Each structure stands twice: as C-alpha cells, then as structure tokens.
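The data blocks that follow each hold one structure.
Shared between the two complexes below is subunit A, which pairs with subunit B and subunit C, respectively.
Right after this comes the complex of A and B.
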C-alpha cells in the first residue's frame, strides 16, 4: 500500500485515476481504517485529501453553506450558523459514532461509504444537497441523492472524489429534522431512519416538503409521493397518517436480527411522522 | 513497503519516526515510540482505549494512520501528569477506585480531560454521552462518573 497526502484535488484525482489496483480515499478514516484492519480490502493506494485547500473548511455561499469533504462531525456540530440553518442535517451527522469518531468522521465519508443506514445521508437527500465532484475531467456537481447506488457502492467514476457538499439557502420559515431508531441510546447503527425538510408559508401551511428514509432499501430513498401529501396542509393527524402509509409503501428493507421487515417498515413511517412534526415546529409552524 | 518519514509533536516534544503506510498511529505510539499508555482494545474505533488528541481533537488512535501525524500536535496519557504531580483526574480515579483492570483508564482519562477543557461543569448525562465511546467492562461506570465529577469540581475551584 502507498500513502499519498495530495495537495490539490487534481493531484488526488490523477493519482486515483492512474492506479490500476484498488484505491481508497482517506478523509476521517473511520470507515477506511476499519476496512484495512479487517483485511477485507487491501488497497494499493490510499489518498489522504485533508491537506487539499478547502477540504477542511465550512464556507458561506449564496445564503447556504459549502462543507469541505474532510470537515469532521465535531466541527459541523460546533458551527452555530450551519446548525441553525440545517438542524436536521447537522443532528444526523452528529449521531455518527462516539465523541472520538466525531473527531474524525465526515459527512462526505458517510455518503461515500454508501451504507443505506448512514445517519448523515437522509437529511442531505431531503435537503436537496449537491455534491461537488473533482475528477480527471475536471469538476461537476451532482445531487447527493444520486451518489449512492447500492450498499457500499456509489455512482462516482474512477478517479472522482467529492470535494465538498453544498447546502442551499432556505427561506425564513423552513427547517428540517432527522430521527433514527436504535435499540440503545448511543453508539449504534440505524435500524430505520427518516429525514423531513419543510418550507412553510406565512400562515404555517406547508409550501414544499422533502422526505428521505434510511435503512429500508438498498440506498437512502427520497419519498416524493409521501412528501407531496404534506403540501398545502398544516400537518393534521389525517395527513400525517396518510404520509406515514405512503412511506411504508416504498420500504423494501432487509430482514435481520436487528429488525424484521415489518418492524423496519412501520418504524420508518412512524419516524417520518415524528420528524415532520419536529421540522414543522422548528420552522415556526403551529398546528 | 517503503517506510514514511514523519515529524510530529507528542506531548510538547518533537518526535520523528519511520512507519509503514498502513501502520496506525496507535501502533506507532506503542511499538515505535514506547508510549504504551494508549491501549488496543478493539482496533476498530469502538472501545476508546486508544484515545489521544490530535490537534486538540479527541480521536481513536487506532483509526488514524501514523503518516497522518505529520506536522500534528498529539497528546497522550503520558503527558497528563506534570512530572510526579498527577492530574486531578488521575488522582480522583485513584482516590475513588474508578478502575479495576485499568485497560480502559488511559483512554477515559484522556477523553474526560478533553471534555473538561470544553465544558468544565458537565451534567452526569453530558458526561455519560461524551464517554459513550469509552467502554469499561469492570466498573459499571458509576465510579468513573463520580471521579470525573470530583475532579471537575476541584478544577473549577469548587
């Protein structure tokens, strides 16, 4: 294995593109080093992206925020303006691992690890976040929802790395929330999860809604049919019940010791309902 | 494998070492530098026994490559006492018998110190969440929580 601390995104992309063997991108390392130790992967080249300018920065941009690919969970949690604008995204990131893992883990790494249960991903999908990708052919932008393609798999091409994730501006009466179910209080992986992002009008009626579910399909999934049911309502109980049903209808979870298909499906709907209420209250709505 | 030359600062002292590209910071500390305070429990970032700080940030040294230490400031349990004068956390762990086998203790001390630097007066709940990534299979945690709170009170001058 060779270790390269790249100093530009172009250098990282070129090195990853030129390597014929297995490669890994190293940001926080909380997944990559576990893979190395387990012996499941034996990469020829590991490219550390933390020395590339901008990778460790959160910058205000067009009313939103651009978060470098190597910004840690702890750094995201300490950024008050970002947490105020996108509380659902930041609370999801901060649920990853322990204090020690938070010191290293990154939102982009959670996305690229491509676990259907990644805690950072549903809120990013609900937020319509956009990944900026650097590759051998230059830069391109891609909606976060299109990055994961299956468990452990992404749509990134050889030599491509995500350099940052952009969270857009949002109007005053807008907010988001993320909830997951785990059988304990800390240090666990979601059995099912849900993120909801809402924009309200001045009267407290939902103008736009996005819902994403985690751990109930091969990738995190946006549930547009469920979100559409919320638009034009003030989240009355009947609407929420229909929304939860619409969420359940698209769940195709695995069945394992951590949760049966029926349990994960019902939980996803319940979490979506509860997350919608939290996002609604955060956005200043009252039912 | 070609070894990598790394210059770093550990507990305020300049250090240089050679390490393999896939060697963890924990293995470098223990096997190359003789700093055996950080322990390997799980090796996968779950147990916290290898906790150190890198540039002031609490991390598991088993999840950091030695090569990543280039130019960094690392603090380990070995730098916690001032000569023969134990840190208040260390003293209260002894006084309160907050350890049995002791394997988790260096990691818990390093983690607790990092919390008290950020929050000198944590609630028990904040402390338990902060230490959720430090596993102890002996004590049942209560004595650990009490010892950290006693040290925190002393450090606040209460």
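Right after this comes the complex of A and C.
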C-alpha cells in the first residue's frame, strides 16, 4: 500500500486516475482506517487530501457557505454563522460518532462513504447542496443528491474527488432539521433518519419544502411527494399525518439486525413528522 | 460452615475511600495488559475459524501455509492428544475443533509467523474441506426430538426420555405440596419468557504470550481471572506437570466471568512448542464475540399463586438454558436461585441444560440467576398489579429471612433481604412522582457467593512496610481492599502496604477470581496472615523484653505488655520490631491457607424509572437506585462500582444486548456497533445504597458484592416498561422494534 499526501487537487486526481488497483481517499479516515484495520479493504493507494490548500476552510460565498472537503465535524459545529443558516445540516454532521470522531470526520467523507445511513447526507439532500468535483478533466459541480448510487457506491468517476460542498443562501423565514433513530444515544448507526428543510411566507405558511430520508432505501432518498403535501399549510396534524404516510410509502428498507422493515418504515414517518415541526419552529412558524 | 468468624469492632481504616493502587498506571497507559507482553524472538499467532455453524471437517491441508516464508508452525487438533476426562476434553475441543466444527467461529487451525501480516496471509492458505451439517441455535428448537444433534452421548442418566440428545442435564429443587399451595391461591399467573444470550463485553480481548523451551519448561503470560486454573487446564491439555508451567496473570481489562477458562492459551503453548519460540496470540473483537463464552439464552415457564392479601401460596419454574455446543455449567445455579428471595411453603424449580451450535457459554456475573429471577420477578409484579398491592409490601410479606428454608435447600443464617427492602421503601425514589409514559419497576436479586481455596503471604519489610502476596487477579479493586484489611489488622497506614498478584510458582493454589470470592476469602486469609505475623512480632518483642510471649499483645500497630504484671516496657511499633528482626530470628512473615467456607449470600433490590416513546419504542432510563447488602463495605467506592456496573450490564441485557443468529447459524453482530452495550449517555447516574448486615462467616462481616447487582435489572426494567406502556413484556431484550411491535405500531 502506498500513501500520498497530495498538495493540489489536480495531483490527487492524477494519482488516483493513474492507479490501476484499489484506491481510497483519506479525509478524516474514520471510515477508511476502520476498513483497513478490519481487513475489509486492502487498497494499493491511499491519497490524503488534508494538505491541499482550501480543503480545510469554510468560506462565505453568495450568501451561502462553501465547506472544504477536509473540514472536520468539530470545525463545522464551531462555525456559528453556518450553524445558524443551516442548523439541520450542521446537527446531522455533529451526530457523527463521538467527541473523538468529531475531531476527524468530514461531511464529504460521510457522503462518499455512501452508506444509506450516513448522518450528514439527508440534510444535504434536503438543502439542495452542490458538490464541487475535481477530476482528471478539471472541475464540475453536481447536486449532492446525485453522488451516492448505492450502498458503498458513488457516481464519482475514476480519479474524481470532491473538493468542497456548497450550501446556498436562504431567505429569512427558512430553516431545516435532522433527526435519526438509534437504539442508543450515541456511537450508533441510524436505523432510520429524516431531514426536512422549509421556507415560510410572512404568514407562516409553508412556501417550499424538501424532505429526505436515510436508511430506508439503498441511498438517501428525497421524498418530493411528501414534501409537496406541506406546501400551503401550517403543518396541521392532518397534513403531518398524510406527509408521514407519504414518507412510509416510499420506504424500501432492508430487514436486518438493526431493524425490521416495519420498524424502519414506521420510524421514518415519525421522524419526518417530528423534524418538520422542529424546522417549522426554527423558521419562525407557529401553528 | 464457619459462621462464628465475625466480631463486632470499630474500624479505623476499613470503610474509608483510599486511593487505588492501580489507578496511576491505568490512567497513564502504563499498566501491562495481556497484549502488552513481549519476548525476544517472539512470533505472532493467529487462529483460523469455522465460517459454518456445524460442519464435519473432512480434511485440513496446511502445506501451502507451512511453505509460506516466515511461517514457523501450524497447529490443528491432530497436534493435541485426547484428554480422558470429559471436562478437560471439552475445554480442549472448544479451543481447537476435533473432527467437527460445532459453531460459527470455532477454531480449526492456528499459525505462528514472524509478523502479523504473514500470519494473516498464512491463514488464507489453509484449505479446510467442510461437509456442512444441519444446525440448531434456538433453545426450544434444540430440545425437540429430531433436532440436529450437536454432540452425541452427552446425556446424563436422570434426563427423562422423549427429548433430543441435546438435552444433557435435568435438575429439580424445592419442597412442599404444590397442588395444595395452588389450591389456596386467589389468583394464579402462568407466563412464559425468553431471553437472548449476552456477552460480558469486557473491554480487553483475550491475549497471551506463551514460551515453551526445549527442556519442557513453559511460561505463560495471559489476561485471566484465574491463572492457577489456567495452569491446571493447560497442563492437563498439554500433558505437563504443574511445576513446569508457570502462569503469570496480566492486569485485566474486565472479565465478569468470561475469563474463567481458556480459549487461546493451549493453542499458543502448542504453537510455541512446535515453533521453539515464544508466541503471542491476541483475539480480535470479532473473535471474542464468536468464540469466547457469552452467557446462556433461556426460555422459561413460571407459575405463581397468591392470595388477595399478597401471600404467595405456591411457585413453580421451568427453566431451559441454552449453553452452546457443550454441556452447560450454568443451569444448576439458575435453577437454585430462582425463588431464593422468598419464604415459600410449596416451591419447585426444574432446570434443563441444552446444547446448540453456538459458542460454549462461560460464566457471567451470577451465572444463571438473572434470567431465572427475571421471569419470577415479572410474574410476582403481575400478581401485585392484579390485586393492586404495593410490590415492596408483597415482597416484604414473603421475604426470606434468618431461619427460612430456602427454595434450594439450606436454611438461611443472618441475611439482609428485609433490611434491603425496607431501605428501598424508605428511599425518596420509591415515592417520587411519575409523568405520562413513565413507569417504575422493582426487583429483588440474589447470589450465593463463594469462598474457596486461598493462600496469602504477608511479608514485614525491615523498614516497617508490608508486602502482601496473593494469587487472585484484581478485577474489581481487590488489591486496595486487601491492603486496607491488612492495615486495619496490623495498625499501620494503608500507604505502607503494597499488595501484588503473584504467579503460580509463588503460592499454593488459589481458586479463580469468581463467585464474588476475593474480598471475602482473600480478605479472610489476609486478616489471618496478618494475625500470624502479629503473633510472631509479639514473640520478637517478648524475646527482646525477656518476658513470656503470652504477656505481649498487639495494640495500635505496636507490641505492648499485656497487663501490669507483664512488666513496664514502652510499646514497640511494627517498624521498630522489623528494624531489628535480623537480631531476633530473621525475617518476619505471616501466612495463611484455607479452603474458605461461610461466604454469606447477598441480596439486592433495584428500583428503576423509565419513559417509553410510544412512537418509536425507545426506552429511556430516568432514574435507577441499587440497594444491596455488602456485609461490610471495605472500600465503599469499589462496592458502589460493583453495584453500578452490575446494574448497567443488566440494563444492557434488558434493553438492547443480544446475540443475533441468521438462518445460516452465523452470528450477525460480532461488533460493538451491533452488539449494543449501554454507553454513558444512555444512563442516569446509578444511585447506590449500601446496607451492612455482617456476614457471620467473615472476621469483618464481609460478603461478596460482585454479582448480585446484575440480577435485578432485567425484571426491574421489564416491570418498569410494562407499567409505562400498559402491556406485560415477556421477552428480552426489549429493543425498540420489539416494544413498537407490542404496541401495535408496526
């Protein structure tokens, strides 16, 4: 196994593109190192991206924020303006692991690890976040929702890495929230999760809504049909019940040691309902 | 029983919260655990394990592995003999499969190589030809005639006909006329329960370093609860004399009963013997889950009759214990413990030991008792609920006390159950208000406790300090407690004493650190060894003063003339006597050897409040209080630690921990991610109330406290959840999917 600490995104992309064997990008390493130690993967090349300028920075851009691919969870949590603008995204990131893991783990690593249960991903999808990708052919932008393609798989092409994730500006009466269900209170993996992002009009009626569910399908899924039910309402109980049902209707979870199909499905609806209420309150709505 | 040891006294040091002697090393990372041992020329061992739940091993081809550069030895069952006695053979067969792999994770071969990567590569080159056989992992399924038989010819004579050969043993305890008792009841509740197998979950995986030399001597360093027993087992398996095998116990990162036998040590010794070099073997977490001893899973039927004023008229329990691929050692204890907290006229318990294609169970804190008492305490709670009676009143009304003929035979001497129940009733927790979706549960718990073989030496150093040599690995703070008891007896400061755990060549046989025996038995032997040293020091003083030995007594750390007739001499302190010992007869040491009797039983009562999220089935533990009789709490911090630790392990057992097997008979969750022990943020601070009802069998009244604490949480949680949701739960763990399903939510 070779280790390369790249100093530019182009160098990282070129090295990854040239390698014929298995490769891994090393951001925080909280997935990669675990996989290496357990013998799950034996990559030929590991490319560390933390030394690349800009990768560890959060910068304001067009009213939103651009978050470098190697920014740690703890750094995101300490960024007050980012947390105020996208509280659902930042609370998802901060649920990853423990204090120790937070010092290393990244939002981009969580996305590229492509677990359907990744805690950073549903909120990014609900936020319409956009990933900036550096590759052998240069740079391109891609909605975060299109990055995962299945458990452990992404649509990134050979040699491509994500250099940053962009969270757009949002109007005043807008907010988001993320909830996951785990049997414990930490150090666990989501059995079901839900992110809701809402924009309200001045009267507190929902103008736009996005809902994304985790751990109930091979990838995080956006549930536009459920989100549409919220628009034009003030989240009355009847609407929320219908929205939860619409969420349940699209769940296709696996039945495994972490949860039954019935449990994951039911819980996804419950979490979406609870997350919608939190996002609504954060956005200044009152029912 | 030696029930006349206890003498009431005022303690000067026992009962104080002194600094722990192992603390600095442990928090600075300096402590030497099992995997920290190294030796010049050391090789790395690694074990190949069966991926099948049950398979005949047609052949094992190790030639390619042996041919790999850096591989120094390969071991399979063929390298071992076949021990004559069933017990040693079972231990050996569990360490290395002979002919058949009996469970997923069963060892089939091992290698020793120059480094870990080579050892790992070598395992991939070993070709095992398996013939897959039908398997069974569930206790009830395994009992049915026609179930796949795990091992033939293991059925004991008293097992009734009509069951599978997997049913190896049957036990029955109790007294009185059940039919007459049930006829007197105003209400009879009959209910069946199931519990999943759980693992002790110690942080430190098993690890050892073995070095066998060409002249037949061997050294073994390992993490274990009992290195003398490791010596017995390994010497038996390798055909060695005890004197030739020296075993040294490392610092230990938890055991809870799971390190009371061997899994890798005989394999490491055999690898070292073949390779002619020291070999280190360290288990991964995956190996710990798959191939060490979790505890039993169980299925049970309970029937209890009660009058409307809360008197139990008759009680019956049938307990089926799944103990893995070998005959189970836990059933008898659980069968005896089920109704220990009750004074009953008519009681019967039946126990069944059942083999399955799972790893051989090992002891886990109060082995067998938690699942039996869980089922009993659930039914008692249901009866209280039926009659609208206070569950503490009902338990007090039926409580075992001094003179009660226990459900398993003996008559109890002084016991602390009533005092413990009364302490719970008087505690503010019992009266605290509850909110919506909240429930309170309580349960009694019990454990026998043990004494056993113990040997202690106490050496008085010439500078007036004292060294104590004992033979029990310190899992719960015993070095501190032993030093405290010696300090009390000798009348010198705690800080002047250092207690060490010696290797097997340094002392006579010491039983394993189990049965909550160490503070009781090693404490007793330490006190007696100190008294032996005191006698000798008094003799030295007598010699110096030129008076009779009988005319000298020991007071506040010094020899003094016994009375006015003995003469007028100033006190001679321990340090003064020690300083001149070379002139008065040489070194001074005290010894004591005993097979200790009189370990007092220990009762506990737990109170628990929970809140259940009815939409997700998640249970939050809001408040938890442990009341337990310690006899005498020598070091209260450690006693509280045992009470809290037991409660937490029991909470995990009740809520989330379980061995999950797939259709293929393979363990699906051999990681701490999916085998869910509680984390700190899952728990409230566990409150503790220590009761001290002296054990007549110990000079200071000490009872073991290590095990009772894991017994009550299962029913305390189940009763609390059942009250919170208004439905009676009867299966553990009460994981969120199971609770949500019970509520009809999914």
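One rule holds in what follows: the second predicted complex is superposed on the first by the 287 of 287 C-alpha atoms of A that agree within 3 Å, B and C clash if a C-alpha of one lies under 4 Å from a C-alpha of the other, contacts with A are read in each partner's own complex, and residues count from 1 in each chain.
Basically, contacts are C-beta pairs under 8 Å (C-beta built on N, C-alpha and C of every residue); 3 or more make two chains touch, one makes a residue touch a chain.
Fair warning: this is a prediction, and the values are worked out from it, not measured in the lab.
Residue contacts after overlaying the shared chain place A:239 against neither subunit B nor subunit C.
Legend: residue contacts after superposition of the two complexes on their common chain; A:72 is shown touching subunit B, with no touch to subunit C. In the superposed model, A:267 makes contact with subunit C only, not with subunit B.
Of the two partner chains, subunit B is the only one touched by A:104; subunit C is not. When the two structures are aligned on the shared chain, A:94 is found in touch with neither subunit B nor subunit C.
Touch criterion met: A:5 reaches subunit B, while subunit C stays clear of it.
In the superposition on chain A, no contact is made by A:23 with either subunit B or subunit C. Of the two partner chains placed by superposition, only subunit B is touched by A:48; subunit C is not. The contact surfaces that subunit B and subunit C form on subunit A in the two complexes overlap at residues 38, 186-187.
Subunit C makes touch with subunit A in their complex at residues 120, 286, 615-618, 655-656, 660, 668-669, 673-674, 676, 678-679, 681-682, 735-737, 740-741, 745-746. Taken in their complex, subunit B has these residues touching subunit A: 1-2, 4, 21-22, 24, 43-46, 48, 51, 54, 57-60, 62-65, 67-68, 70, 111, 114-115, 129-134. Interface residues of subunit A facing subunit B in the complex, by the touch rule stated above, are 1-3, 5, 26, 28-30, 33-34, 36-38, 46, 48, 50, 72, 74, 97-101, 103-104, 186-187. Those residues of subunit A whose C-beta lies close enough to touch subunit C in the complex are 38-39, 181, 183-189, 191, 256-260, 262-263, 265-267, 270.
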